[in-house]
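A, B, C and D label the chains in the order they appear, each numbered from 1.
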Amino acid sequence: MNLTNGQPPANEPVSRRQFLRNGARLMTMTGLGVAAGALVSRSNGAAYVWQIDPAKCLHCGNCATQCVLEQSAVKCVHAYAVCGYCQLCTGFFAPEPNELTTAAENQLCPTAAIKRTYVEDPYYQYSIDENLCIGCAKCVQGCNRFGNGSLFLQIRHDRCLNCNECAISRTCPGQAFRRVPVDHPYLLKTTSR
Amino acid sequence: MKPEFELYDRREFFGVVTKTAAVIGLVAGAKASAEEQGQGTANPFAYDISRFQKTDPKLVAYEEVNRWPIPHKEARRLAIGPNDQIYLCAGNFINCLSQTGQPGVELALAGPACCVAVARDGTIYAGLRDHIEVFDSKGAKTALWESPDPKSWLTGLAAGEKDVFAADAHKLVVLRYDRHGKILGRIGHKNAERNVPGFIVPSPFLDVIIHRDGLLRVNNPGRHRVEAYTFDGDLEGAWGKPTAAIEGFCGCCNPIAITTLADGRIVTCEKGIPRVKIYSASGEFESVVAGAESFPENAHACSDLNDCIHGGIDAAVDSEGHIYILDIVTGDVRVMKRKA
Amino acid sequence: MSKTPLRSALLLTAWIAAFFCLLVGGVMVYEHLTASSNDPWKSPQLLALKEKLAASPKSEPLQNEIRELDLKYRRQFRHRLALDRTGAWLLLGGAFVLVLAARKAAALNNAPPRPQRRLDDGEHSRKLASRARWSLAGVTVVVAGSLLLIRLANTSAIPGNSAVAHKAPVEDVPTLAEFQTNWPRFRGWDGSGVVAWDFKSTPAVLWHSAIPLPGHSSPIVWGDRAFVSGGTSAQRKAFCYNITNGALLWQRAIENVPGSPAKVPDVPEDTSYAAATMATDGRRVYVFFANADLAALNFDGSVAWTKYLGPLKNPYGYAASLAIWGNTLLIQLDQGENRAENSKLVSLQGASGRVLWERIRPVPASWATPIVGEAAGKMQIITLANPWAIGYTFPNGKELWRAKLLENEVVPSPILGGGFVLVVSPSSKLIALRADGAGKVAQAAAAWSTEENVPDISSPVSKSNLVFTVTSGGMATCFGINDGKKIWETNLDTEVQASPGIIGDNLIVLGQTGTLVTLQAGRDCHETSRIQIPDKFVASPAFADGHIFLRGMTNLYCLGPVANALKKP
Amino acid sequence: MFRRLKIIGALGLMLFLALIVCAEQRFPPPDFENGYQLPTTSTPAARHLWLQYGDTAVFLAALGLAVWLIYKKRSRRWLFCLSLFSLAYFGFYRRGCICPIGSPQNVVYALFNPNYAVPVTVLVFCFAPIIVALFAGRAFCAGVCPQGALQDLVLIKPIKVPLWLEHALSIIPYLFLGAGLIYAATGTGFMICRYDPFVPFFRLSGSTFILTAGALFLLIGMFIGRPYCRFLCPYGGILRVASLASKWRVRVTPDVCTQCQLCEQSCPFGAMREPTPPGTNPKWLTAERRRLGWLLVLLPVLVLVGVWAGSKLNSAASKVDPAVALYERYARQQIKPVQYSAMSPEALSLQRAAENPDATLKAARDLQHRFILACELLGGWIGLVIGLKLIALSLRQNRTDFEPDRGACVACARCFTSCPNERVRLGLMPATGEPASL
């Protein structure tokens, strides 16, 4: 744009303020243009979402309490290929369980969100019911301490509101939260490393 | 209409201002003081095993007399040679070290070394992931025993007079070789009529040793016990119970490594709550070599790293009864001596 | 207008709505205050019971009690969640009704204003302005006061935070001598491929160590470490080896480079994703891949910084190596099929990765590595591409001269020798150029040029007053540097891709099939030794620490005189 | 030349893929005999990119519509409907994220942190309203901003804030803006989003503190029009400045002003400005000139003082940053240990710090160094804002009519129908006779 538009009809001269305004507008527009250009050149059009890096996660329990959602968008997920299918799963059973049953006193998960199903002797499959899981990472602690670490926390994007600033990340003691491209929104554990 | 500014007058306004300032000051001060004595929030979701991580000092029968670092990263196991050299497998290498950790021969392998055993005549058997390589005492490669199964994952070796035993953590079997690499038998695989329950090995920690009583001892992590087999694969007995208490084996899958003292007592290593303990040959808990306190990094690594496959410890015993403990996380070897 | 039935109806609605909101809100708050302490994981009652159970594990009643309580509390928890969700919506609805009703009611009620004309001569506006100024001053005081309080309430425990504030940490740059004793970039510190120390006996392989990923980049060496890069479309890594025993010390994958697209450009295997040789300033190592990912790694393998310089358009894949001088990194990003596709020469600060400057170049893709060195009394950056050979000043990158010399796909890198810049126009000309020109330099400025046995891939190498070239066909030729007269030529009967190098008096030529030929780098042609290594070689050799380092397709090789394997130069 | 190379390359590649595979393999799960298949971990996708572009389109459309409604249709009713739509869409459907109010932080963060590439959508959300404001004033506040719409909705019985107080408080948004931007630039966090009082309502959940704050704002908002927009909203601050240079301006009536002051009554946001008496009274002229002179001198002084004061603030300001806070706690722990309960976030973070104190210290110190400059800038900025506001208050305005202040007016279009001439123009009222009582 140039100074000519924004002028009042030609019969009266441009007032000083009018002139200043045009100048200011011109400058601001150029400024914005430059900034936008600089940034667009870097951004690849993709958007970002938040995700937890399981390697950095310290399982502190903040994910259950700090999310802006009443029931956290962070859930425990299970990398089955890493799991040992233990009969005595330290992610499922409380320390020193009375017996290896699904009775409340033996379960580790406070909301009983882990389902234990028999596969074949001596193997059991463990899977997460995300409607019950509150992302407290208690099972993750158990699994990581003794087992293969096949249980770990991830932000579930069907629930996450993708706040501009993730409320959990602020308080994450492991600084495990980071922005990832929206087309690869998960940091999963796999068999290959 | 009446001009607005009688709604507030200036004095009133400044009154308000000072009040706000005071409030802000108070808040800031309160916050600061709170910071000072900062009581942390308790974590209601803590997985609490702290009571098992303390060892009763009365039970600890050994003391650390020496500690030295190992030459390579990613150590796996160690073994003791005929004249008390220590053989370490770490990364793609097998190192022969003196009892004080002075480096000797180094064998470079094609892949990661998973386990090692040394025969009385000094022959070195190196277990790579799926096959075994044989070296003479000088470190010259003499043979390569083909992989018994592409999916094999060898994690334990024992060399006897005539036989070599290799523990395959994925195929859940202990292979019996003769000294020339011919497979003589498969021990410990699930088998109802020989009432062998079979191994449960969720992570690559299956170990085998030859006991002075002429039987094999194999750890069965998933069943939390140590099993005794004849060379022909008959299950002669088993002991051990799952508990985080000191007399048992903790977690989902322990012990991860075993070795034996000259008098036949058995040394066991555990991960998760890293500790090394001694049991009698018949499985009565006897004493502690090193408790969880001795492996802070290791304990932490297990709760912190992706998984305990990178944690864990191994132990070996020399002719003088010293116990050498390899800490895989800190990458050093501790020499433990029985307390006087 | 006081009490119309409509208005009273509205008011009634408003009151009801308000009451409803209070009710719902109250219930929700109450639920929170009571229930949340009974969450299954918090409830003191439940925890106490579990403690008891730990004491007496077998007691049936205790177990049943726990199970019931646990179920109850979990029910309560779910119930609360549901209630909150519905409650929120109810509250919202109530509030909406309340607001609408109240608005209408208020609207009905508002009396039409009867403003009187203010007749003052600006007195009013003046008063207003002055009050505004004073109250502004008041606000300022408040702000200042609260800031002061915050300042007083917070004391930092972090040592030395104020004084050294603005001083940027000064980077220690290794001395030139350090650069010369090591092999910090493609063909050594100055890109000449020449080292002074002598290498008497026949070389032999001391160790070899597997390189997990393929690539055509040459090894670089600093101190006791050798570095190579490797890559596929799936992953790209840098590898660090201990040069005394060949142990792979670390490998670092370069991934999630900001801005770098997940889909990497297709690159033919014969160029590979890791064709550009790494560079190091002894503080960090720098690696660049065909997908335009640039990374700086610390010597412990940790990532210092990463940068995406793409997108890169290159018909055969990017292959020019990184050039480095001091802690300034130079990358010749020539690309595209024709002249105007933003080819550029980029200079970056090694410590930070900050781009110092960029120079647009009117050339298509090229594969020649730039060199930095003193020519015609000036520090120059010399770059080759079709058709321009261009000299820039170092460090600030002002263009000094350009000469229209080159054709075809420019792969061989330039070298300095005998006061000339020696330039190869692939399989057409070997040209000796005086680098003292300015602006556009006529072709005539070339002191001499020859068309005999001109290489198309490997770069020339020069010693005292001789220049040596080796063609892909294996024809090694020696020219006099002052006149370009051919002195001798010999057929090494092996295909050669790697650029030759000179150790002391030995011309080292590495054949594709693993033939390592050593010739006397002198006026008469004489082959001193020839050994065979069972591998394929495209990368050029590196000379450091009295050893020769070769990057094969499968392995990294360290060669040394067997006799004195660990002799330092 | 490249033909020959091809073969070799292919060979090398094949040779190696095999090795890579087994090098990357990891201890596998057990072999099941009953043919049990490993389930795969589900990965629900994030919101589609095209949906976000859709939002952007809706946003731009709403902006355009708002401008049209203000300048062409001149209809309060339709503008109100538009704002309700925006409240529903950007508020309760999109849950208040993405909104332009926080977006300047993303832009600044991207400018200072090369590792963060700001999404194009965010750029549009940040810049479009500013550009509109440069031509047509705060159309965004009027019709598109859900926060604004919410406050406008709850406004029941407007009380006038005295104009002088209005002026004084109108600098607060700029202080908030400054603070928000330095925290964004240093990568500490997005304060403006953190302390947005209305987004929790859109999400129907949030921390107690912020919910109460929001509720308070709404309660106040019943009697004081748009309290957040006028006295806090940083983005409103930006638009306020932008619309000072706006090409067109909101006019109460296209016809002549009869100076009836009705529009002044009708504006709940204290944006209406009364005409100044023609000519200048000589007895004040010199005084005003002198004051202006002094204030012009004062401006740089204020800025410098601000910079100086700011340089003292970095250690306090930087404590908000997690990295700094961590080292602070760690250091305090060295002096006077506090027993944190096991596995508590504090204990865990301290453990992390203890593993590598040097790195922790370095991170913290680097941040504090960043904050030195940042705080100096903030201080200078505060000084500048105050100085400029003082000057603005001392410039003599010459207005012949009642007209909305370019900056303060949120273009809500309330004043239009309050003007008798406009009512006549719209045919709501006979051209002749007294203004009928409503």
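Throughout what follows, a residue touches a chain if its C-beta (ideal position, glycine included) is under 8 Å from a C-beta of that chain, and two chains touch if they have at least 3 such contacts.
Owing to the predicted nature of the structure, the values given are computational and were not obtained by experimental measurement.
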{"item": "Reference chain A; chain at largest CA-centroid distance", "value": "B"}
{"item": "Higher-contact pair (C-beta pairs counted), B-D versus A-B", "value": "A-B"}
{"item": "Distance from chain D to chain B - Cα centre to Cα centre, in angstrom", "value": "54"}
{"item": "Whole-Å gap separating chain C and chain D, where each centre is the average of the chain's CA atoms", "value": "33"}
{"item": "Centroid distance [mean C-alpha coordinates] between chain D and chain A, Å", "value": "24"}
{"item": "Overlap residues in chain A, where contacts from two or more other chains coincide", "value": "42-44, 58-61, 70, 82-85, 96, 110, 136, 138, 141, 148, 183, 193"}
{"item": "Set of chain B residues in contact with two or more other chains", "value": "5, 13, 43-48, 202-203, 309"}
{"item": "Numbers and ranges of chain C residues touching at least 2 other chains", "value": "39, 41, 84-85, 113, 115, 124, 128, 131, 134-135, 138-139, 150, 153-154, 210, 258-259"}
{"item": "Interface residues, chain A side, partner chain C - complex", "value": "42-44, 70-71, 94, 96, 98, 103-105, 110-112, 136, 138, 180-181, 183-184"}
{"item": "Chain B partner contacts - residues on chain A that touch it in the complex", "value": "54-55, 58-61, 64, 82-90, 95-96, 108, 110, 122, 136-138, 141-142, 144-150, 189, 193"}
{"item": "Chain D partner contacts - residues on chain A that touch it in the complex", "value": "5-6, 20-22, 24-25, 28-29, 32, 35-36, 38-40, 42-49, 58-62, 68-70, 77-85, 119-120, 123, 125, 127, 141, 148, 156-158, 160-165, 167, 170-175, 179, 182-183, 185-186, 188, 191-193"}
{"item": "Of chain B, residues touching chain D in the complex", "value": "4-5, 7-8, 13, 36-43, 45-48, 50, 111, 129, 151, 153, 169-170, 172, 202-204, 300, 309"}
{"item": "Complex contact set, residues of chain C against chain B", "value": "39, 41-42, 113, 115-116, 124, 127-128, 131, 134-135, 138-139, 141-142, 145-146, 149-150, 153-154, 207, 209-210, 245-248"}
